[in-house]
Amino acid sequence: MVTPLRDRDQLDVAGLERLVERAIDGGVSGLFILGTTGEGPSLSYRLRRELVERVCRQVKSRVPVLVGITDTAFVESVNVARHAADAGADAVVAAPPYYLPEAQPELREYLDHLVPELPLPLYLYNMPALTKVSFELETVRHAMDNPRIVGLKDSSGNLDYFKRAAGLLKQRPDWTLLIGPEEMLFESILAGGLGGVSGGANLFPKLYVRLCEAARAGDVARARELQAQVLCISGSLYRIGRHSSSIIKGIKCALACLGICNDFMAEPFHRFRAEERALVESRLKEIETALSKLSL
Amino acid sequence: MVTPLRDRDQLDVAGLERLVERAIDGGVSGLFILGTTGEGPSLSYRLRRELVERVCRQVKSRVPVLVGITDTAFVESVNVARHAADAGADAVVAAPPYYLPEAQPELREYLDHLVPELPLPLYLYNMPALTKVSFELETVRHAMDNPRIVGLKDSSGNLDYFKRAAGLLKQRPDWTLLIGPEEMLFESILAGGLGGVSGGANLFPKLYVRLCEAARAGDVARARELQAQVLCISGSLYRIGRHSSSIIKGIKCALACLGICNDFMAEPFHRFRAEERALVESRLKEIETALSKLSL
Amino acid sequence: MVTPLRDRDQLDVAGLERLVERAIDGGVSGLFILGTTGEGPSLSYRLRRELVERVCRQVKSRVPVLVGITDTAFVESVNVARHAADAGADAVVAAPPYYLPEAQPELREYLDHLVPELPLPLYLYNMPALTKVSFELETVRHAMDNPRIVGLKDSSGNLDYFKRAAGLLKQRPDWTLLIGPEEMLFESILAGGLGGVSGGANLFPKLYVRLCEAARAGDVARARELQAQVLCISGSLYRIGRHSSSIIKGIKCALACLGICNDFMAEPFHRFRAEERALVESRLKEIETALSKLSL
Amino acid sequence: MVTPLRDRDQLDVAGLERLVERAIDGGVSGLFILGTTGEGPSLSYRLRRELVERVCRQVKSRVPVLVGITDTAFVESVNVARHAADAGADAVVAAPPYYLPEAQPELREYLDHLVPELPLPLYLYNMPALTKVSFELETVRHAMDNPRIVGLKDSSGNLDYFKRAAGLLKQRPDWTLLIGPEEMLFESILAGGLGGVSGGANLFPKLYVRLCEAARAGDVARARELQAQVLCISGSLYRIGRHSSSIIKGIKCALACLGICNDFMAEPFHRFRAEERALVESRLKEIETALSKLSL
């Protein structure tokens, strides 16, 4: 979930409410806040706490709320996790500490030390492009020995890795394996994943929900059709800017065009300008036309 | 400066005092706390504040205190800077936000927005290996237009870059250009730099001070002799571990061997084990013998 | 196809014959020689010519023969291509020149200049991990304007890229889109690819042929079963060495264990030692047992 | 030395003669042909042989001729080396094979196998940005055990590495340690290097010769002055294009402006267009004015 902002360090409260309702109405199985798309690391701790509280209060346990606690500082990760538990969240999500890269044995020990401090179950978040360090498969296997670690979100974009992670589920059939990049959501479910943490579900939750359902049900034709539409959304909305932040900018801009929430970005990033917004607007029209034909 | 720790989220207060006095006695021109070697990003904000207060109180303006405010969250950088000003620090130091990489125009705008919020002058900190993003020369040139930005610490290890940055000093002769990697401290001063922010100065401040003096005075023979000793320290103490954290571990372990402070590391890292510590101990003896012959 | 060697610059002629027959008997749709797995860039031009001649003579047009001409030197690529045409090969395959990286406009112009010199149709070979440079989608689109360029083998491992390349096939429905990494062969066909250039097909061609057939026929259950077996082969045979050459070493070692050909490697690589070979041998047994249950 | 070309696979013979004489008149200590700046890997073997013959014939042992034999194919490296010996060259130079990356033990074994096949002494060429693989210090130390390996050209741009390599010269005082990047030529000699393999010496050999002389003589003031001029040449001529090939393009274009040789580039690169050439031309004028004041 993106974090709707009105200004620096100010939530767009009304936009947040609309966004949450749209997702729940769309049928999502859960909400993941304070992740990469949620600009988690760019937000003040005060705002992170406010966001966690507001989302939990609004969701009222209709779906599970997962809270990102990825941090370079161990103690701050624990602080956010404790606050999340108090607010009523259901789980926390952590990528490896991402300033000075740690080795795998250090990462395993980090998990061993972190988990006992957490009042909520933990999902691992594999995001090597941004954290430099990957949860290597041996580390995932190690994590599976810990019953408080309950799943993995893989944003590596490496389907081979994902499949091998799926192969480890024999050891922990209760684990939840989720994929980040929505461009391979269908394939991830075919490979044994449960679903996706898809940025585009901020915009069109029903599309992603239907895609997961079709894939899980083995309806290959329908899943391919829906996946093709997801690929088209990604191609038309996420690559307008040239920089790595263009995915989030594209999603927030489209949400603003749809009247859902503000497209203010946390520093050091900035919303699209008029020219790029016009492009988003016209592409959104095409997407909505295409979506209307899919009878979601 | 390293951050002496007794335990997770606990300063080694006595060790910190010894470390600060050793540096000032050694003749350093200033102290930089909460940098990479100071494990800044791994520490809780509470501990960062405590460290800033204790160091400022102890230094009592004998030398300037520079405080690292590098953060992925703009607001937290400002918070640390404000606290540093209140505590009596002299300047703050910021590397680029380091989770989602920003483009140079975004980095320039980030500086434009950050500086007005800071109650202290700002040094840039170029550390691309850890932040992914570099302060490119055009961005440094832009920063020089802002009188509140007063210098650059370059830890790129790229002497070509450093020399070109030195070439820009014509525009701002008051700027302070410092080098990170102590392995090229001599060359950096030859190239127009003022001095170094050297991890090894935690251990042997006088050596680094004398090296800077010799280099600035144009005493090439003496500077080369001292630089060779610095290279030897780096080669024998910083590469004992195989991982990127081995520099900090080596320095902290050597400080513990010297009876200066505890070698506890912030998560996700851990102090050297007995085997590695024995190696540090024996190499320290060789270094001390060599240092005694240099009549610092 | 691997290149069976008896010694430095000496083909294992008998092994080569067995290997070719095994592949054709296994039902492969074509042979790609002098690729990465074929150690093409490590072989002398003399040996490359001998290999091309022997393979073409033996295949006798039973299946198409594709010849790798990837080279840092334009003229040598053309030389190999001309020789391949004379020997009766059907097409050539080129990755970007891989010493000094070129920009995409340079790569497009390179193709524009190369194709008129080639007596055979050209397949592009996307292999950014080794060539540093990718055939970006805009360049693929450009290549599709040239009727002499007839396909793309993508070894990027990036399924998002592959899907977008598949999306371009509208422009050239006659193009052949093939995937390198066999770990995602099934998904590549689901996404619109035609098949794979799979190193493991040296060992068990029938498995890969059946997998492609099942995937093309939409028999998802069977394709998943066969793909899982391919993943298992990859996991157990290609990762025994720690280095990037371990895939080729694993395949060649397994071929030697199966009595098909010698496992001599071109410099700077070397065959597995006894210890690793024992591992390959025992894993091969497990694989053969598993394969026998799949009734290929 | 650049390789003057008239057209694809055609030497600019007259230009080559002028270039060689200019370098020898300028006082260079040797010529290195078929390196990166010489576009070695982009040239056909026929042209490489022709170049070696012509250069050796013209130089007539006035200075040593070093010939690049870097290749992905072991046998082709040996072939070029044999031809170089027949033509009268003095040594060969090899970077690691650069397609599939090899590990250090493989690289050491590669050297062990290569050297006995070479009729000439060997220089190592460390160029990790292009070959992916570095001659790590342990491998350099190993190479020093072989009397037929006589030196190292380091183009890593990492002064720390260079200094540590210089530290190894105790073991082989007869070794020749040279630096690639001319931006740190002065510092490399201060650190124990003998000199540079400087692309800019194609243009202004005397400048680089004088810089080496001043640095070796310990004339720091003069060396800094000359090094500053070298930095200025690099900054104004090598960065006109945006791509990695812009150094070679800049040098060849400047040579053409000076009437020395043709600026034709081997594929996949192309000479600067009129606009960029105009820039080179105007900057050359400034450089020549500055050079005239240096009384070389």
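Going by the order they are written in, the chains are A, B, C and D; count residues from 1 in each one.
The criterion applied here is as follows: contacts are C-beta pairs under 8 Å (C-beta built on N, C-alpha and C of every residue); 3 or more make two chains touch, one makes a residue touch a chain.
Fair warning: this is a prediction, and the values are worked out from it, not measured in the lab.
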**Message:** Quick check for the class: compute each chain's Cα centroid; which one is farthest from the centroid of chain C?
**Reply:** B
**Item:** Distance between the centres, which are taken as Cα means, of chain C and chain B, whole angstrom
**Value:** 50
**Request:** Could you give the separation in Å between the centres of chain A and chain B, each centre being the mean of its C-alpha atoms?
**Result:** 35
**Complete:** The positions of chain C in contact with two or more other chains are none
**Asked** What pairs of chains are touching here?
**Response** A-B, A-C, B-D, C-D
**Asked** Which part of chain B faces chain D closely enough to touch in the complex?
**Response** 157-160, 163-164, 167, 181, 183-184, 186-187, 190-191, 218, 220, 224, 231, 234-235
**Prompt:** How about chain B: which of its residues touch chain A in the complex?
**Reply:** 8-9, 36, 41-47, 72-76, 79, 96-103, 106-107, 109-110, 113-114, 130, 242-245, 248, 266-270
